[in-house]
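Below, chain A partners chain B and then partners chain C, in two separate complexes.
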Partner chain A sequence: MPTLLLDPATEPAILAGFDEAVLETARQGENALLQAKRTAAFEACSLIPNPEFFHEEYRRMDPALFRFGNFKRLDTLPESAQELREGDDAYDAVISVNEKGYAILKKPDIEGFQLCSLAEAAAADPDSLEQLLGTAVVPDQQRKFFELNSAFWNVGFFIQAAKGVTLEKGILIRYELEEAGSALLPRLVLQAESMASFSIDERYTSPDGVETLCLSTHELHLEAAADVRLVSLQDWGSDGIHLGEDWSRVKRDGKVSLFNMTLGGKTSKCTTGCDVCEENANAYLGGVFFADGKQHFDQKTLQFHSAPNTYSNMLYKGAVKDHGYSVYQGIIQALKNCVGVDAYQTNNNMVLDSTARADSLPGLIIDADELACSHGATMGNLDEEQLYYLRSRGIPEGEARRMLLLGFFDEVIDRIPFEALQDRLHAVIAEKFES
Partner chain B sequence: MPDFETDSNLVQDYKYGFVTDIEQETLPKGLNEDIVRAISAKKEEPEWMCEWRLKAYRRWLKMKEPTWAYLDYPQIDYQDIHYYAAPKVQDPDAEMDPELAATFEKLGIPLNEREALAGVAMDVVFDSVSVGTTHQEMLEEQGIIFCSISEAIKKHPELVKQYLGTVVPPGDNFFAALNSAVFTDGSFCFIPKGVRCPVELSTYFRINAADTGQFERTLIICEDEAYCSYLEGCTAPSRDTNQLHAAVVEIVALNNAEVKYSTVQNWYAGDAEGKGGIYNFVTKRGHCRGVNSKISWTQVEVGAAITWKYPSCVLEGDGSSGEFYSVAFTNNKMQADTGTKMIHVGKNTTSTIVSKGISAGESANNYRGLVQVMEGATGARNHSACDSLLIGRDCSANTFPYIESDDSGAVIAHEATTSTISEEQLFYLKSRGISEEDAASMVVRGFCKDVFKQLPLEFSVEAVKLLEIKLEGSIG
Partner chain C sequence: MADLEIINLHASIGDKEILKGVNLEVNKGEVHALMGPNGSGKSTLSSVIMGHPDYEVTEGDIRYMGESVLEMDPEERAVAGMFLCFQYPVAIPGVSISSFLKKAMDARHPEGKAPAAPFLKEMRENMAYLEMDPAFANRGLNEGFSGGEKKRMEILQMMMYKPGMAIMDETDSGLDIDALRIVSKGVNKLKGPDLGLLIITHYERILTYIHPDHLHILMDGRVVMSGGPELVKQLEDKGYDWVRDQAAATV
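After this line comes the complex of A and B, so read on.
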């Protein structure tokens, strides 16, 4: 059977701005483990062909849109002085990142909870970090951007929660870019030991009209019965480009919830993969995207079942209007002998006007029997009957349309564990809808 | 839980696997411009047809074999195939070769019109040539043309010129280009304006000679307000080597016309070890050109070692509709990558897709389908349901739908499920005293019912039997 991996090219594949000289700068002054990992990732990355328009994966998003030539990798970010802001008291921990540096503004004083930069984590306990770097990835997957980030990341964090550690309010991570031409490559590695539980709220912002590139990766390791929720909101300005590749590995009875909210920016291509690798592990993937104007979003999900009796559920909801273009592609894969798998994949799309376009490519790859895997995909516009009902109750048409659209997205948004973020999402969606 | 392992010894032999010992006339192996010219000459074709073939051949030389399908088969050597094989005719006026007639008796296809099933007109294609068409006179009275494509090229060149290659252009894909260059026979149906074809039109394809490829080409045209129902059946002998079948089927439906196309594909699928079998690479496409026209595909795919087949509808006329009903069964080492394409161009066009995949043994069964709504196809509606049933631990079932919507007025819904035979259903049936194997077979029949009921009666009965034979030994 052909695999999803692209054929390794004979020529090394290097993207503009990410060559050996830049790798050398990235390696400078780092500890031996991180240096070795960067080199290994660079080599792996060179063997994977560059994304090309004719590859199946990029047929619906021309890699030329990533505009690598326009950006320069920011040097590895130093620690810098920043201040807490209004609203930060709603979180247990706050991290803030901009072009000048990063700051861990707040940390909970709980025994067994660790939050630090990757460099600190590597200095403190290189052996255990080595076990975590790059090991959540499902083998044989096309992972150019993951390797690229692993070789060139310029800001990295490590979060570790020991057995039973629970954070009440969660962690906020802010990424803010302001200068045109900056390429930020954030990397987050986290490990939740058995029964640990916490949530992360991530925001990406930039001003309108400033061209920025962000290539992020998240790597999540969940031990037995751990429960982690990660919400990423791409709230970029009009010219942000976002590439992402996230992987999680969930062990026995663990549960991961990954929310991908793509609303801002110009181009976004994200892959969210999870491997439920031990019995009774569970994954929830939630997505909201809304493309208008010149926006072009491509979301990919991978629900990988490598053990019997594992569960996953995915719900991606999208809307497009005014020349916007959205693509959803997803796969549920159940390996041989993985019986008792229960997996679901739903993608609902609203095509709000005829200049916009939405593509949906759900998929099932099943190599085991005695399981239940299904997917559903729909395309349509706001329901006329529902509109009529609301209007008959005296609600003006515009208001009724907005209510229906917000209601459509709420199925995902309601599951987000941060109230402030829910409010922000509602505001952005309403604003986009009315513009 | 019952053990659903496959016991290949129990699988009933492929009863169409015999070889007819008949004198053959074949062209040498290999493909080049001379072979294309020779095929054209054998068919006594006019010059323009030969040119058309050569153009397709030159186009093919520049094309690459597609690799995107989820199939795994060794490289095909296109120079190691006979592109033309025909039963030798000693005396053109004599009756059909008794050996050949016996073959078709054995297959259950009486060519003698008196004995033929009332209500079915039949064209029979043996390797590269059509060996007989029934009911022609009766059809002619109504203005219906039903003959082999070679005959149509000679007798009705203006119609062939007008429609051939307009739905599937010669450069459409690798296999379509190959077919356009070397196609040998197939059926031609023309239903004039306002005529409802009173009988089912049917073609039976048989591959007999070793190391040959069969390249059928079928063209069906329904003028305004016309209707026809077309059936196709296929078998081949059991041989250790793989044989290639690359067909092109084109359907044109004008205003208010309706075409129903049904296939029961039962090519030899190879033995339990995956040795031999037909490689079935088929391009089938219907074009709803007129308003309110309708094209309906029904397929029951139970044979062939490799199946690569996507019967499609281009819904151009306003209000036109397309349907696709499919049962694809794979067992042992068979692989199928099949599905459909529904392309909505006109306003208020509708399409329905019902696909049922059953995989047993070590087989792989893939559904791949496209639903595309172009800008301006306001009011387009599609509903797709793709279900897969897995029997045994070593098989796989994959679903790859592609949905593209460019219009805000379109409503598309797609759902797919993959599961095994429900234990509860089995338990219920067994508690009523039905043996496990019968119970499983009943569940499978029920699973396929939505598709079988679309088939014409005789085919429907045959399809149920065929599936039962194929399932034998897979369950229990």
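After this line comes the complex of A and C, so read on.
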């Protein structure tokens, strides 16, 4: 049905609530770099057709479910007074965001470590920031929501670790929405210089029954031998809608670990892409998702190998029950002459009820010889023989089922560098399983 | 009344009847061996005793300490003191040995929670006795284990749970001599007045390590011959055809 497609030349693709007037509001009072970037992103966004149900990517996730008309972009968030909470001492740095504003509650006093708002970063060193904005994106991708966020983000942070800077405990970022109709567009840009190493624990929460929209992006730039771990937990209440688009670029000997944990909310669509762009660069993409009730989750990954002898390993594990529906689609792409690539892509699904559905579409695009790529997907329920084995040892059936499901997810969860986050994941998974 | 009584046991999987009236009695303090050719129903018997959901008991009874276990779930049988040493223990990646053993010990504890420190001490001691690498405790259950390592894991559990009645389903199959020695060492340590053992095996070899008091021969779903340790030697010399002829003669 190509005739239904918008002609971008004549009819700009504007999503409800994100028009030129709103763009003007967003630009107000900003420095020249950020203003220019917003305008450029708005133009780029307008040239990309709106997602439609009949587009291949949205056949399994009707964009009408994003309900753009129900939300209003929160004005760019000001700094606000907030307080540290119990548990915050487990982190080197803490950022807290809600509808009223943002607060950087704590940051380590380490030379060479910078954590600030995007506005501050732009004011301090616009030329350096310009090199980083939008440049982690893998080329030739459909990036409607990335551009939308780049034009309309309403809270933004910049993290930079200079050569060799290491954080022992990591960074906590919490996004908390409480009011129906709020649209939050967080943007995180980070740069880890050579041999820098740190982890980020990111949580998204809202109360049950409150319809909220979050459209987030992350841009990660890793220089030689940098090591960055980013864990995002969508722990939204029953009516949260989440769109995410994350890109990272990893140079020689660097390693990025991106964990996408989708448990809460009503609808979620996330894209995670990484470009391992110099020799011996390495990316790990870990995913955990569990759709129950009527939850509908869609995840997309791109392991992009633009240099020879690069590595990536993707493992997404999901469960569905009740009328839950999950979609995984992903690609490993290796450019011409990228020999010696070693890439894995695995998606395992537990279909716990016959009323639930899980779709899995792994794929490869390979233009090089002499490399090792493997992809695979599995669908199944809890293994009856494993269950019998545990029961024959005295473990009650309910407990045995719970152990098997947690064990299934632990292959990913065990790699998360935050114990408190692991505990939270176990608790939420067990609760969903037993509900 | 024996501690474990199997009375005229008939069991089927789907429409196929495998056990056709098994009678067997094992008391605590005794070691029984059950032998039989392939397809005689040996493994089915062990599965049915432990309550595998795929098998249906159509007639007869299994009683442990005077109580029928047929209506009991596998976990209830286990907590009551029955133990099955699996022929092919499954691997469960993601469930570590230490957390698995802890849950199994919790299930046996009167308050539902086995105290951690004594549990860990006992686990480490038993692992050392079975010459297992202590690092195994953090590995996924049977994940990537060799045949011998899996069987040691079974014996380790037996040492932890201290069952009153253990059924060992072809524990010796696929073991090299070294592994067989260690497994036998574990079993011999447990032997005593509080444990009844039913060793199901295809080969006589294990019986030179663990000496049975009684030997039974299972054929076509029935125990066709029982005797003392001397029967092992006779079976070795004359084979199952001789048993088959003897059984035919007595019918």
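One rule holds in what follows: the second predicted complex is superposed on the first by the 425 of 435 C-alpha atoms of A that agree within 3 Å, B and C clash if a C-alpha of one lies under 4 Å from a C-alpha of the other, contacts with A are read in each partner's own complex, and residues count from 1 in each chain.
The rule we apply is simple: a contact is a pair of C-beta atoms (placed from the backbone, for glycine too) under 8 Å apart; a residue touches a chain by one contact, two chains touch by 3 or more.
Note that the coordinates shown come from a computational prediction; the quantities given were computed from them, not determined experimentally.
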Record, for the superposition on chain A, whether partners chain B and chain C clash or fit. fit
Does chain B (first) or chain C (second) touch A:396, or do both, or does neither? second
Taking the superposition as given, does A:385 touch the first partner, chain B, the second, chain C, both, or neither? second
Does chain C touch more residues of chain A than chain B does, or is it the other way round? B
Per the contact definition in the header, classify A:359: touching chain B only (first), chain C only (second), both, or neither. first
Regarding the shared-chain residue A:415, is it in contact with chain B (first), chain C (second), both, or neither? neither
Quick one: angle from chain B through chain A to chain C, Cα centres, nearest 10°? 70
Is A:369 in contact with chain B, with chain C, with both, or with neither (first, second, both, neither)? first
Chain B versus chain C as contact partner of A:100, first or second or both or neither: neither
Shortest distance over all C-alpha pairs of chain B and chain C after overlay on A, integer Å, is 15
Could you give the residue numbers on chain A that contact chain B in one complex and chain C in the other? none
Residue positions on chain C within touch of chain A in the complex are 50-53, 73-75, 77-79, 84, 86, 89-90, 92-95, 99-100, 103-104, 107-108, 140, 157, 161
Can you tell me which positions in chain A touch chain C when the two form their complex? 383-386, 388-397, 399-400, 403-404, 406-411, 414
In the complex of these two chains, what residues of chain A are touching chain B? 1-2, 56, 336-337, 339, 349, 351-381
Residue ranges of chain B touching chain A (in the complex, touch as defined): 1, 4, 67-68, 70, 72, 364, 373, 375-376, 378, 388, 390-420
